[in-house]
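To keep things simple, chains are lettered A, B, C and D as they appear, and every chain counts its residues starting from 1.
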Amino acid sequence: MAQLSYFFSVYGSLVNFIGINALLALSLYVTLSAGQLSLGNAAFAGIGGYTAGILTTRFGVPYMMSLLAGALVAALVGFLLGMPVLRLRGVFLAMATLSFGEVVRIAAVNLKITGGAEGLMGMPTHTKTWFIYLMIIGVCYFLAKLRYSSVGWSFESIREDETAASAMGINTTYYKTLAFTIGAFIAGLAGAMYAHLNYIITPGEFGFSAAVNLLIYCIVGGSRVWYGPVLGAALLTALPEILRGIGVTAGPIRMFVNGLILLIVILFLPNGLVSLFQHRKTADASVLACVGIGEE
Amino acid sequence: MLLDINNITRYFGGLCALEGVSFGVESGSVHGLIGPNGAGKTTLINILSGITSATSGNLRLDDQRIETFPAHKVAALGVARTFQNIRLFPVLTSLENVIAGQHLVAPRPLLPRLMCLSGTRRQEAVYQKQSMDILVRVGLGDRADFPAQHLSYGERRRLEIARALASRPRLLLLDEPVAGMRREEMLGVAALIRSLVREGMTILLIEHNMAFVMDLCSQITVLNFGSVITTGSPAEVGMHPEVIEAYLGKSDHHA
Amino acid sequence: MLEVTDLTVAYSLIEAVHKISFKVPVGTVVTLIGPNGAGKSTTLNALSGVAPMRGGRILLDGQDISRWSVHRRVAAGLVQVPEGRLVLAGMSVRENLELGAYRRPRGDVAADIRGMEARFPILYERRNAAAGTLSGGEQQMLAIARGLMAHPKLLLLDEPSLGLAPLLVRTVFEIVSELRNSGLTILLVEQNARQALSVSSYAYVIESGKIVLEGPAAELRSDPAVIRTYLGQGV
Amino acid sequence: MNLLLQQLINGLFIGSVYGLFAVGYTLVFGVLDILNLAHPAVFTLGGLTALWLVETAGLRLWQAFPIAVLVAGLLGLLLDRVAFAPLRQRADTYFSGLISSIAMAIMFESVALGLFGAHTVRFPANTVPLHIWRFAGVTVTSLQVEIVAVALLLMVGLTQFLKHSRTGKAIRAVAENDRMARLLGIHVDGIIAFTFFISSALGGAAGILFGLYFDSLSPDMGRSIELKGLAVIVLGGMGSIPGAIAGGLAFGLSEVLTVAITGTSNLRDAVAFAVLFAILLLRPSGILGRGRMREA
């Protein structure tokens, strides 16, 4: 017990950051699961964070209400943004969401109510570790159940082939917007919790590098199953500590190792780290398949 | 008449892909659509299924105008299709492909699942059984757990038909369903088409294999350069001089 | 000229062509016919080196070229005019011709282009137009002319009549017979079996990636099985 | 009036650097349909290499410039071999290429950080002899003129090279249809590697000019231009060289005009990104684009 409390006194904030990053990665996972590459989820987190922070600091709204409001406002913006931008595909969608994110960041720098470049301060630090992880469990449960519902199958179909999906009767616009909105909701929730973890949030935390980091969590962990992003976020957020543990302290080397891991994963594990742990049933079946065909 | 195609025209840029195409597809029949490569057959199927829009003209399905409908609405009216260049979901297994195809007929609501209601599991078992039955019907029962990308060419074509059948369509549009198939496989597909029609399904069939088309279809429409040359029974179409010339090249030239 | 033994081609795990063997003697036109998806184009692509070969051997003038890169094969005179008139649509007609001679010494190219433009006057008239603006027939001329710019020893022609109006189909086959008469060796892939057989000396029938029938073109034209399946008696 | 004229001229100078940066960016996209997100890191290393050559190796700038550009070009070759070539046959090559280029960007930036430290550095005074011209109330320095001259020279040179040279035509052929190019006997992999070389060399040149213009260099300077570069190539139409040049100039002008009109530099980037966002929604192929849309 004493050891545990020691662990938390040293690594408590790391554990919290892992949780927040995992939630953010899950928000991107939802969008990716419907085949849409969004670089706007960091901005949605910012919207959620600023909304919740402003509500608690300026208007004395209770913590839980502010979380809900932050998530809902982010979801609403996601919905409104999704309708026009989801006509775009691939790299064009990525860039539209990216420029949206930049506009949000610049707005946060310039507006008075957001506290400008110095950031928004004075949030009560109500977010507790257990609560973060409770939320993660809730979101994971939701996503796991979602996967085999009509919505989940529709996301999967759209990700695999949008044209074929629409020919099967799937309203692709509706489901893409839905994925985008759910993603924005989760991101907004994570942002709102983050705002009340830290006392302060600044515009820079929700910029381009944050958006890219989320993408990296999903890719390194694996974006085909819900636990992939969680794994990716946990590993990469803890990586600096792990490296410090094995004696690597210099910043540039840590950064280099980060990049190297990402490169190795994308080159050799296209489905992410989770493919290391997944049971090989389908892989075996495919081997059988080629043997069968070879004999024909 | 289940499907009435009336004066459909489609331009791509300045290029005319279809010009004034009109014909009807009788309910409960197999209707063939033939013509040389590049005649506009696939463009027409794309328009029928709502994936492409027509530049002008109209389409009626059971007297309902559908030419402005997006693909998912056309599908909801009971139209399913396969693709010439096979558009399966490659990393999903055969069974999962068919399950995805059940979208319109097998609601899997989220809320009961979140609450772990007991009915969900039973319902899911019924749906999965239905998908499995369709796989067995196209002869892929033993391939249920294989990712689609590891199936042979002919198996993938059959899986595409299975996925289309999963939505229980009234009208099935098949774009070259037996291209690249071995003879035995081809016979299997022919038998499948016959049994589907016996159950009341209507089929519009694009195919290059003449024997296959002649054998199955009650009516055939011949397309060349985006226009209909003729529509008629296999025998009528076979006698048509323009068809012989357009489809086979001038027979008097070197023969 | 070309001797292929036990050629096998597979995309990912699926075999498209299985152990086929055939020959193209020098100065002749040989045709591969067969239904859509039978593996005809795949065979040509394996000969050019752009389809993954899984087994077999390709001899060009007695030399084993099975492992050669695509550009080395082109330099050796094995030139393909691909299906669907793949001209470089955004580049000019003249540039398309120039690129046809990419593997040849620069000095000779200008004279060749003049020769080609004299032979196909339309290519001279439209020399500065983007190739994509040409009509289907003109694009096919350009594709063939571009193939000839490489001074092929063996020309692989993939479905030259695809999507062309009957009159243009005839023109294209007239060009093919001219090329044959000028002594060029050609391996032709065609759906239009009747036309193809009429310009060829020998033919192979491919079905589901295997050769099911072969013989002198004149004989295949009167073979009942070929007539039923490919020359479409009854239609 | 003169102030406006001065701003327009300043916009032209910085716009030409943006254009040069974007030309390399868009070249790779045009040929491969892949966004090379390591381009900004090459830009940084190009600038820092030139600085090292001048400051530490004691070379004159006119000697250091071509060497640094060459180094940048070699980095491009490295990028192609390590991050792109292995992914070329993969079905999701566009997406995985995006990720692997991010990985390379992280590693390049960490190298810059390790070699040059995190602080801002500058070329020694008198690296470029400075003349100042004043006419009609407008100030122009010889450095600015030289920057525009070099940038325009490189961009015009590239355009002419692509248009008339045999290799240039081969590059365009690969961009249009790599399969057809292969059948013509073009060594496609060599052409792609060469394209990376040119693209990165131009990016490196832009980095040097950028460092000279702003009189500051730092390992993260690529970040400041990364998003602008993306904006420029979308504005000009992905893959269009003249579009990138025009887009760069337009972007430079819009920046200085925003500053001139609003009186502060806070909204400088917001206007540009709002314009980018609008263009993506209204005309995704860009203003001068070829109308090419990638299906994801």
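Definition applied: contacts are C-beta pairs under 8 Å (C-beta built on N, C-alpha and C of every residue); 3 or more make two chains touch, one makes a residue touch a chain.
None of the values given here were measured: they were computed from a predicted structure.
Chemist: Taking contact as defined at the start, I'd like the list of chains shared as neighbours by chain B and chain D.
Modeler: Chains that touch both chain B and chain D, as defined above, are A, C.
Chemist: If you tally contacts for every chain pair, which pair is highest?
Modeler: A-D
Chemist: By CA centroid distance, what chain is farthest from chain B?
Modeler: D
Chemist: For chain A and chain C, let me know how many angstrom lie between their CA-based centres, rounded off.
Modeler: Spacing between the chain centres: roughly 52 Å.
Chemist: I'd like to verify one number: the distance from the centre of chain A to the centre of chain B, where each centre is the average of its C-alpha atoms, in whole angstrom.
Modeler: Chain centroid spacing, chain A to chain B, equals 40 Å.
Chemist: Starting from the mean Cα coordinates of chain A and chain D, work out the distance between those two points in Å.
Modeler: That pair's centroid distance is 30 Å.
Chemist: Could you give the separation in Å between the centres of chain C and chain D, each centre being the mean of its C-alpha atoms?
Modeler: Each chain's C-alpha centroid was found; their separation is 42 Å.
Chemist: Which residue numbers or ranges of chain B touch two or more of the other chains?
Modeler: 90, 150, 152
Chemist: If a residue has to touch 2 or more other chains to count, which residues of chain D qualify?
Modeler: None at all.
Chemist: Among the residues of chain A, which are close enough to touch at least two other chains?
Modeler: Residues 286, 289-290, 293 of chain A touch two or more partner chains.
Chemist: Under the touch definition given earlier, write down the residues of chain A that touch chain B in their complex.
Modeler: Where chain A meets chain B, its residues are 141-142, 145-146, 148-151, 153-154, 156-157, 160-161, 163-172, 224, 281-282, 285-286, 289-290, 293, 296.
Chemist: What does chain D use to touch chain C in their complex?
Modeler: Contact set of chain D toward chain C: 166, 169-170, 172-173, 176-177, 179-187, 290.
Chemist: Chain B touches which residues of chain C in the complex?
Modeler: Contacts found on chain C: 12-14, 16, 35-38, 159, 161-163, 165-166, 169-170, 191-192, 194-195, 198, 208, 221, 228-229, 231-232, 234-235.
Chemist: Give the list of chain B residues in touch with chain C in this complex.
Modeler: By the definition above, chain B touches chain C via 36-39, 149-150, 152-153, 176, 179-182, 208-211, 214, 225, 237-238, 243-251, 253-255.
Chemist: For chain A, which residues count as touching chain D in their complex?
Modeler: 35, 37, 84-85, 88-96, 98-100, 102-103, 106-107, 109-110, 208-209, 212, 215-216, 219, 250-256, 258-260, 262-263, 266-267, 270
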